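For reference, the structure discussed in these notes is given below.
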Amino acid sequence: MAISDNAIPMSARQVRLRRWTEIFRSLMTNPTTALGMIIIFLLLAMAIFAPWLSTPNTPDAYQMPRDWGATRMPPGTPNHPLGTTNQGGDVLYGVIWGSRTSLQMSLIVVSVTVVIGVAIGSIAGIVGGWIDETLMRIVDIFLSIPELIFALAVAAILGPSFTNIILSLCIVFWVKYARIMRAQIILIRQADYVQAARVMGDSRLNIFLRDILPNASTPIAVQATLDMGNIVLVGATLSFIGLSESGIAEWGVLVSEGQAGIASGRWWASTFPGLMIFLWALAFNLVGDGLRDALDPRTEGR
Amino acid sequence: MSAQDKPAAPVIADMQNLRVQFDSKRGKVHAVDGVSFQIRDGEMLGLVGETGCGKSVTGRSFLDLIPQPPATIAGGKVLFRPRVGALCPDCGGDGCAACGGTGSETLDLLKIPAARMREIRGARIAMIFQDPGKALNPTLTIGDQLAEIFLQHRSAALLDEAGITLEDTGWQASALRRMAHEEDNWLDRRMRKWPPLCSGAQRLSKAVADRVAAALAETQIPNPVRVMKAYPHELSGGMRQRVMIAQALACDPDLIIADEPTTALDVTIQARILDLIKTLQRKRRTSVLYISHDLSLVRRVCDRVAVMYAGRIAEIGTVAQVFSNPQHPYTQGLLDAVPRAGTRRGHLASIPGNVPELVNPKPGCRFADRCTHVMPQCTSADPVQTPVADGHQVACFLRHPREDATSPANEVAVS
Amino acid sequence: MQIRDYIIRRLLILPLLIIGVSIVVFALTRIGGSPIGVYLSHEMNASEVAALEERFHLNEPLVVQYWYWAKGALSGDFGYSGVAAAPVSEVFWGKFAATMELSVFSALIAVWLGLKLGVFAGKRRNKWQDHLTRIVAVSGASLPLFWFGIVLLIVFWANLGWFPVGRSDADIWDSIAHPTGFYTLDGLLAGSIPAFLDALWHLVLPSITLGFGAVAIITRMMRSALVEELQQDYVDAARAKGLPERLVLNRHAKRNALVPTVTVIGLTIAFLMQGAIAAEIIFRWPGLGRWMADAVVRGDQATIMTYVLFTSVLFLFANLIVDIVYAKLDPRVRLGD
Amino acid sequence: MTALFSISFRATLGAATLAFLLPAIAAAQETIVHGADEEPATLDPAEVEPGEGGESVIFHVYDRLLTVGAESSDLVPALATEIPSVENGLISEDGLTYTFPLRQGITFHDESPFTADDVKFSWDRVIALELPGSGYEILSERVAETRVVDDYTFEVTLNDVDASFLYSAVLSMTASIVSQEAVEAAGAEGDGESNGLLSDNMIGTGPYTFESWNRTENMTLRVNPSYWGTAAFDDVRLEFGLDPDVRVLGLRAGEFDTIETDPSYVADLEGADGVEIYAEGLLLEPLHIGFNMNVPEGALPEGDTIPEDFFKDVRIRQAFNHAFDYTAFVQGALAGFGEINPHYVPIGVFGYDPNAPVYGEQNLAEAERLFREAGVWDEGFTATVVVESGSLFEIQCLILKDSIEAMNPDMRINVLGVAEAVFDEAIASETVNYAMWAKNGDPAADPIDYLMTYAHPDGEWGEIHGFRDAYVNPDQIANLIDQIAVELDRDTRAGLVGEVQSLLYADPMWIIGAQEGAVTAYRDDIENMVLQPLWPRPSINFAILDKTGG
């Protein structure tokens, strides 16, 4: 309408506010995204209340409790509602505490990689020059190796352990954020209000903190959400291939240990954890997808 | 209704109280809110208004091109009488009241089945879009895009020119028929490259090419054969618009909806395109609904003009009537705005205030809050179309009849 | 910028990237541990170990080691794979063919299903079918392949016995040569229909497992591209010409929507390369993926090196080609700006 | 009877199909399909690593001078016609020279005749090549000289008297007899380089001829119709690269006739239709966790709180042996297929003394007493045990972990699972940087092999783990074992073995969780299934199996 044609440039805060409200609205209106959010909520609840849902194993709660007297029990056996593994591990315990392990893994990796990525991306974007060039070439190199394969190689070299899986994921996943951050900076620099701010003689740091960072946050949020799912998926794949430690309450490990039983009709030991991995990844992908659509101007309705 | 100087041409299109609403996050937008006007055979009717006043939607409604959802047709009729086609059931073609003297049957474009609408689109009613750059498919050559329209509406003739008569049966003939109707399948497309089909196929495509070239030539495009092979992005804006026009006129339609055909072009070319449209329209006696926000253009080319504001017709009459003797305050404002150069497109610098929100609007004159002569009733009741001269109507309380509250115009406005 | 210049620039960067990748991976493998572990056994005495270290130049500084490796790689010597008990270069192509054949068939499934779903959803934007499709598609990307594969294995191999595992039936194939390494082709070349069918038969389960995962990428892209196309003026213009919906969709919307969809081919290839690992383990497909998995577990670094390098080279070239194709398909694009 | 039947049956079937049907189907002569665990790295007896996958193939295609039958662990003549002994004079009085009369009129699969020269050539070749990783020491450390007396008499002289020579050396796959003619035709060999012919080819005299090997897929062996002994019944195809559970699935689905598997899977297969289970006797590969008393200063992994010489204290070694939950291991992990036999003379090996004292009862009270006495109970400790991840050995470590930590949460065991290669590297080096590691022993027929490797203060592990400074009385043990090595009188020898067993109980260097049962599962149309632990893994002799099904 005529009004919007001769609008005066909005302040950074307005821009942000409007974007977030838009995003939130379209997230709420999209049923699949809503579904994703519900699943995430439930999974997080499970992770947070794990100690109350099933009593932690001593001395290490992230180790499966092994009842060598009751191995290979089917679901429904007293005090093993989801059955037990070949080593007498309680599947339910694995499922519940596995959600914590996954949460740990994804949170650590995402936060670490976001920090690294944003830092490097910002340096490249703001400082520019040869530093930018070199950093971006490095990013290109990392980006030209498919994630899972890269993580696999790194984890293999570090040796099989849960910590090493997390480490390898951190090494692999920061790159996208650097890319996004740099792109955003270069993009937002041109925006009216940033120009205005510069004219008003704000310090670079000020502009960065007040205008650029908050605006870059949306695409990074999307990537982070998607990664929350991917990381668990990739991590589980690594564990499955045999790069984690056996005996810990981690879904990927449980699936690969449960495999042994599948051949003999003991489906439960791997089915339940596998299902959890699936739900986890699905939920975050749905929400991430929704977010992306909400931000992607092309797919917005007219 | 008849203008006193020349005998009234028959009405071929008659829009009656059209109402179109759009669903939006904030509510129902009454984009078109009871618009009525008629287009006479061979006349050019200008439809002017600011951006977003609903004039494009009004135009698109003739071709059923309003996206539903989000839009919904809340009411009204769009009557159309094709020159060629079935005869009027009442008079059998002699001309009568029912068919407005055209002698051909009357269709309600909002009610006819989709198949029927497709026959009309492009053949009887064509459209020229605002931005030829956007309205031409970038991945198809000009030739292909024009060919489509002939293959849709002129298959029989094309087959005839290619030497395939109705008697011809057998798989070759039917393959070529499929080609001529654009119903060819994967196999056909392969096989037509080889004997025995290839000769027939070549004759057919030759026939199509000839017509395309002719159509282009008519819009004074130099070297049509070369242009046929070109992709849209390889042509200048003016050229593209000529192509659009050629496409619109290809099947010699009765009515052309020209939606701001020159807006996207730079000023130097605008004039030429405008003249082209005008001459072709004269030559073929095609009726044109010329949608524009630019009064000066309308004044140059149109016979009659309807001024639209916020989804309603504010004033309608011959160019002479409206421009020399504007009755509606809004029209007057518009006219003041015309000569002023450098004003933002579609925005009236001279009139303070903005176009009102059209979400669930209250009754009352839409222009009230910008109107200098605003009166109490302006904000309480809807003004009705009031004749001020022969064929000149205005919807404003300043010109409102006191006594005859039951004039037909009145009914139209309130119903 | 002109497409040609862009592509030339890309071609110039490509080798640099590949070298970069090799350096990164090489550094990792050497920092992580020595590449000789896979040859060691407690049968060996110190002198034997020392001899091996000599053979792999482990007593030299890292840079020198890399130099040796690069020299070898350039002359086609990628070291000795402990897992395959043969030089990498010897076993590579056979496994390469196996993985490629699998990927091709999976890609066929993914593209076919992906486009179908994408159009199906795009046409019904924001209707329930659209949401359902999205869930199906995203499920594909969220499904742990290794788990999905196992389930298929149990149902269709162990219980129903409809499909086999492995790559071929030894009895049918013992007399048939493998000129191409693509068993389906080899079967045809040998003129043996049973062999050809056998090869196809073995492809079914793994390519479904792998393909279903890739569907998500294509569906999503196709959907949003189609949604965008359907909002274009020229789609309305086509309608205004009186074209039937069939043609409007196929010729004007779908056709153009395919163009941006091309750009995810690179992604898809990467996905297939990754998924191949799990799929090949489960279905005992003698390809690069399973080789890599074994190498990873047994610390066979020559193989890990080669595999990572290979996939990234493939990935890089795929993306380059995608750009070129994209430029060709869409006359509008002017890359770089 | 069944043999005759199936042969004639096959003959007719073969004829019919050859006459009328597709070649593809004609090839469908009875073939035993075996889901193998480990694919060979090489097929060359001089290159194969003891215990490695190649041995199971070499076993079928090559013959050795002697072998062991299915029934007992007694020696049986093979290419040699008699078993050397002092009695029959084929072992010289000084016990150093062995004479082998050889079978006549035997040809290799390449039609070249078998003579004493081939035997000499085969053995000399192994010793000369010294291929890294191979078991050449088996011969080179024992053999002083080999001689061809005449075409059909072979003689070997040893460095020292060796009571286990026949079992430990002659039976080993390394001592297989290869065709001299074929090898020499393939080019020169020497200084640590074979000519590569035998790496992926086999020219032997055995019941099977080598047909084809598609690496990472399968290997086909064909019946050798002109075998000097009883000919095999069915061809064999070994399928490689399957995960254990996939092999089990394949067996259920009838894709495989026999598979290599372990107790935990066999337990699940009980009652599966069409599947038979064989579970008799025990493997001779005790599952052990080793104590390392020789850790270099500061070499222990992160988080270990124990001192390098932690296990020098015999009480701690005993405490660990008491604490381990043996029942859990045998009943839980091995699903009951196995014996609790926690010391280093396995059941079924000569001289095993059933009355010698053993651990094998979890005795937490005793363990706690010893830990307290050693003064590590109160402040506790953290020790890491390194193991090949995803293996049965890892489960043994997990049980140790659970056992110890259940006693006292301050006493922590870290189970560090690593890739096979990493593990081998860690264990292969002169000094081991971990206080504990887990694996299983190499099979042998004679106690001396075990005692030398795993108990002798100056033996293979004795040196690496520093037994000498750890044993309470190293010399006593050393002397006993040395005696056993040279004692030729069986009864005296047996007595000595029993004696050393008791000493090793009091002064353990290993936790031996269990002796794994010899178990496998196979399709019920396979007849004469026998596992002989002295045959290379999977301890199956396909030559005696008969597939009767269609």
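For reference, chains read A, B, C and D in written order, and residue numbers begin at 1 within each chain.
As a convention for this text, contacts are C-beta pairs under 8 Å (C-beta built on N, C-alpha and C of every residue); 3 or more make two chains touch, one makes a residue touch a chain.
Remember, predicted model here, so these are calculated numbers, not experimental data.
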Contact-richer chain pair (by C-beta pairs counted) among A-C and A-D: A-C
By mean Cα position, the chain sitting nearest the middle: C
Chain centre separation (chain A, chain C; CA means) in Å: 24
Distance from the mean Cα position of chain D to that of chain A, given in whole angstrom: 47
Intercentroid distance (Cα basis), chain D paired with chain C, Å: 40
Distance between the centres, which are taken as Cα means, of chain B and chain A, whole angstrom: 53
Junction residues of chain C - those touching two or more other chains: 33, 154, 158, 281, 296-297, 299
Residues within chain D bordering two or more other chains: 243, 246, 249, 252, 390, 419, 422
Residues of chain C touching chain B in the complex: 232-234, 236-244, 247, 251-252, 255-256, 259, 329-332
Parts of chain B lying in touch with chain C, wherever the complex brings them together: 60, 63, 65, 118-123, 126-127, 129-131, 134-140, 148-149, 152-153, 182, 231, 233-234, 247
Complex contact set, residues of chain C against chain D: 33-34, 36-44, 46, 48-49, 51-52, 82, 84-86, 91, 95, 153-154, 157-158, 161, 164-168, 170-172, 174-175, 192, 194-195, 281-282, 284, 286, 290-291, 294, 296-300
Footprint of chain A on chain C - complex, ascending: 13, 16-17, 20-21, 24-25, 28-29, 31-33, 131, 134-135, 138-139, 141-147, 150, 154, 158, 220, 224, 227-228, 231, 270-271, 273-274, 277-278, 281, 292-293, 295-297, 299, 301, 304, 307-308, 311-312, 315-316
Touching residues on chain D, where the partner in the complex is chain C: 22-24, 27-28, 31, 39-42, 49-50, 132-135, 137, 212, 214-218, 220, 237, 239, 241-243, 246, 249-250, 252-253, 255, 390, 419-422, 424-425, 427-430
